[in-house]
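Each in structure tokens, the structures are laid out below.
One chain, chain A, links the two complexes that follow: it is found with chain B in the first and with chain C in the second.
This part shows the complex of A and B:
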């Protein structure tokens, strides 16, 4: 054991000193590794931030992490495909499932008309208390107020829709929709609030009213379109989903967000793949330089390696020594690269304004402010890939060095 | 002399064959990747633009100046059909079509939905938009026929109608009168663009003008250029034909679909960040190799200077060596990149999640890279330039070399 310690101390000192014998080369290589690692982590943080934002926005628009509805509702979002407000066993099951929040809502296509214009909209009847957790609209009110109770008589519309309809806060508009008997029911509403969404498209589309008010309008007392369930985190909802699925009647359909919006699910799943591909590509570009540095370092030291072998150093120790040299180089580079990445990402975490391409981002489903997100997982991934692949690529040059015949090596000039 | 330095540079490169190959390898790797990535980018942007614009909005539109920001019924183009005929004659281009647009509540026996209803010229519409060709059921509008409508597939599903069924719509006309009619569904189109399939319906322009009390007015003259590259030219030509800028504005597809251009810009920016990182890493590799090769030849360079060579000649030698290495990397990288890209442009490229992305950006399920002169040479060209730049520092160090001291170095 002490023998090993002694050996390790020796080869550590040898590796460390060797690293700085040709300090220019070491600096250049450190520069390359630092830039590479910085780019891996920086880019990943930007992408991660963008995808997180897309997922957040997307899930708020669905809305919810899990939805319960009539099996035909998603295909035919009509008032005909509504369900009873939960009671009895379902109510107990929902309350016991352990979700952060659940609420019912009405959602159906409607037409809104001001004195000047009319537009097709998505009319949403909400239980306002839960809405902050579900769609986040109450926090996005720019004028007036949000719906305040289940019986509220007011209407909340988006700023863009108000502009399209040439109407404003306090004005009356007419909302028309279809009741279950195919009759058009219509009534006037006063606009009590205007909201501004991160995604302008939504502003034009979603109009909020109180749930019970819409039930009366559509003559569907006691019925709702959907039950929306949100948990603390959209990433780990599988257990909750299974629990709910087992406890509700088969006549209802339960769907998690990743089944409702497959684009969001694809983005979510692609992100980890993207990180890995990006990190590996950068590593490959680095690996040429790394191998080059090692090959050169060994080439310069052929005589020396022959000599220490002749003096009795075992080939295995030569391999260790070279691998350690490579590892030290990688670790210093990683240290600088990680440091740079943290220093550049942290100041940007308060938000990077990319409103120049806002409508393009909206097309992708992201908002016009980018919040880079530095996650431990991504950093470990980048560092892990660099160290593991770095050591693997160093094995060949190291092994070749150890295989040299001492006599021949000593005779080279 | 020229010949000698060329030969010297070439031989110097192969004194350390492995090192040279590793450096060239880094170039080949980056160049191949760049050729592929840039070709793929160009290919998908072209497709994104084509698919999005050809579906409906066209390349250019003439509208009332306020219509773009506030698409309201009252911002009209006067005498739209005649003006369009006129334009077709003057430009000698057939793919120009007039449209009017309005909002209506469409009702079938079972359902009602708010829809975007367009009055189109059934004869010329197929030349500016791909929708008429995407009829899945029934047929497209017949020129001049009234009380016919074609609708999107999602809308048809939501309204629970098929071809042959009747549909009534209700909206408000140009003079704020009621605009109501009963029409027969003659065709159902499916574009794959959800927004269009969900909310768009088309009737004949003349019929639309009657129902919505528009008289001879319309809302847009849609122009499709023969090719995307011809748009700018056409735009200049059209600008000269507009005599009254207060009543008519010419809109480029950037204005009509700002999201498209910006999505491309955002994607370009992130892609170029990645490319630049790759290029910088190659430059480091070259810097490393060339600095080493200069430093290890201190003795040799000293001797050459003692024999009468000037530092600038030695510097040229170093840059020539880099140039040869770069040339090799360029040639092999582009060749390899072109071969791989060409192969993929035949079979298409796809990755998990691609199908869901594709729908969002109006792309097909497989991407086909577009090889062009630019996509082949742009990336590798920058790599070559950066490599030569990186060899300047090692080359400049030669100026500091003193022959006597240099010759003493081992």
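This part shows the complex of A and C:
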């Protein structure tokens, strides 16, 4: 044991001093590793931020983390496929499931018309109290107010839609749809609020009214299209989902967000794999520099290695010494890289304005402000990959150094 | 620029249009009635008058644009204000397209696809065949009594007729986009003019009666022109070529099967 300690102390000193023998080369290599690690972590944080934003926005548009609806509603979102407002057992189950919030809503395709234009929209009848938690629209009102009660007679439309319809706050528009018997239901609504969505597409599409008002208009008193359930965090809703699934009647369909929008789910699941691929690609570029540095360091010291071997140092210790040299190099590089990454990401966490490319981002479903998200998982992943793969790529030069014939090595000039 | 659906089915707002033309059938009101006249009664009287009246007419519609102009000939049958059937006869490529209106519901038939379609609410707002008539404010003309507040603006005498100018403001929840409409109606109930104003008091479009004729015993507006104010070289004109009132109507006249298989 003491022998190993002594050996370790010796090779540590040797490695450390060797590292600074050609300090210029070491600085260059440290620079390469630092920038590489910084790029891994910084870019990952940006991507995470973007994807989180897309997920958030996507889930707000679904909306909700769990939806309960008629089994045919997702295929045919018409007023025919509506369900009864929850009562009795279902009501108790919903209240006891422990969700952060739940609410009913009506959702159906409709047509909105002003004096000059008419457009197809998605008409949403909401219970306004819950809407801040569900779609977040009440916080995005840019003029006027949001729906205030279930019986509110007003209408809230997006800024872009108002522009398209050549109308504005305070004016009347006509909303048309069909009741369950396929008769036309229509009435005038006064615009009481204008909202601005993160995604302009949604602004043109979703129009909000009070739930009970729409029930009257569509002659579906006591019926709704969906029950929306939101929890604190969309990532862990499985327990809540199982609980609710067990307590609802078989005639209703209950779905978590990742089943309703499989694209969002795929994005969510692919992200971890994506981060790994990104980290490995940067590492591959780095590894050439690392191997080259070590190989050069060994070439320069052929005589020296031959000498210490001739003096009796075991080949294994030579391997350890070179691996340790590589490890020290990597650790210092990682330290600087991580530090740089934290220093650059932290100030940006309050939001990075990328409105220059907002149009393209909106198409992807992300907003024009990017919030980089630095996660421990991603940092550990980057550091782990660099250390493990770095050591692995160093084994070959180290092993070659240990295999040198001391006689030949000593005679090399 | 034309919507495919409406191009194939050029008829459905014709029904409503015809009703407007029919507003003209009435006996002159007695002078004593005029004194106590309120505008709501005036409109109601016009409508009462043709309730239960049957008619068969032949019409021509001309859609004018700066680059082109197109005309359609059509036949129309009506019974009261709830039932109407319109069928295109010319030009050949549109011949046979038909529309049936029963109360609030509307169906169209196109021989090319041999299908009857129920017109969904989403299509009610579309302009019809690229014309300046929007389906909605024309096919809904009977709603004008209940969904608006009416006010008599002025009464004047012209061409030996009293002329009433009525301002109609839609109720808060009425399914009407206009801020107000202004109607000019003659004492024999010929509608002379209808103006559509937006909610900022800007005139958006107007419909003018350009000819009044005495046909089959009644005065009717035999030529109507609809015009949007923003596009002066675009208009749509509707003329009544011939009309017969109080005709014998088959009991299956306003059925889907008659829409598909004409028996006239």
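Quick note on the criterion: the second predicted complex is superposed on the first by the 413 of 413 C-alpha atoms of A that agree within 3 Å, B and C clash if a C-alpha of one lies under 4 Å from a C-alpha of the other, contacts with A are read in each partner's own complex, and residues count from 1 in each chain.
Going forward, a residue touches a chain if its C-beta (ideal position, glycine included) is under 8 Å from a C-beta of that chain, and two chains touch if they have at least 3 such contacts.
Worth saying up front: this structure is predicted, and the values here are computed from it rather than measured.
> So if we stack both complexes on chain A, do chain B and chain C clash, or do they fit?
Overlaying the two structures gives a clash between chain B and chain C.
> Check whether A:278 is in contact with chain B, with chain C, with both or with neither, and answer first, second, both or neither.
Touch partner of A:278: chain B, not chain C.
> Just checking: does A:120 make contact with chain B only, chain C only, both, or neither of them? Give me first, second, both or neither.
Both partners, chain B and chain C.
> Under the stated touch criterion, name the partner, chain B or chain C, that contacts more residues in chain A.
B
> Given the touch rule stated above, what does A:176 touch, chain B (first), chain C (second), both, or neither?
Both chain B and chain C are touched by A:176.
> Between chain B and chain C, whom does A:351 touch in the aligned arrangement: first, second, both, or neither?
Neither: A:351 stays clear of chain B and chain C.
> Using the touch definition from the top, say if A:24 reaches chain B (first), chain C (second), both or neither.
After superposition on chain A, A:24 lies in contact with chain B alone.
> Which holds for A:291: it touches chain B only (first), chain C only (second), both, or neither?
After superposing on A, A:291 lies in contact with chain B but is clear of chain C.
> When the two structures are overlaid on chain A, which partner does A:35 contact: first (chain B), second (chain C), both, or neither?
A:35: touches chain B, not chain C.
> In the superposed arrangement, which partner chain does A:184 touch: chain B (first), chain C (second), both, or neither?
both
> Now for A:384: first (chain B), second (chain C), both, or neither, which partner does it touch?
neither
> Enumerate the residues of chain A that count as touching chain B in its complex and touching chain C in the other.
Touching chain B in the first complex and chain C in the second, residues 109-111, 116, 118, 120, 176-178, 182, 184 of chain A appear in both lists.
> Show which residues of chain B lie in contact with chain A when the two form their complex.
16, 18-19, 22-23, 25-26, 29-30, 33, 70, 72, 103, 105, 107, 109-116, 157-158, 160, 171-172, 199, 258-267, 269-270, 273-274, 277-278, 280-282, 284-285, 287-289, 291-292, 295-296, 351-357, 359-361
> Can you list the residues on chain A that touch chain C in the complex?
Answer in residue numbers: 109-111, 113-116, 118, 120, 153, 167, 171-174, 176-178, 182-190.
> Spell out the residues on chain C that touch chain A in their complex, using ranges where they run on.
Listed in rising order, the residues are 104-105, 118, 120-122, 124-126, 136, 170-179, 196, 198-199, 204.
> Flag every residue of chain A that touches chain B in the complex, lowest number first.
22, 24-25, 28-29, 31-32, 35-36, 39, 43, 46-47, 75-78, 109-111, 116-121, 163-164, 176-178, 182, 184, 262-263, 265-267, 269-270, 273, 278, 281-282, 284-286, 288-289, 291-293, 295-296, 299-300, 354, 356-365
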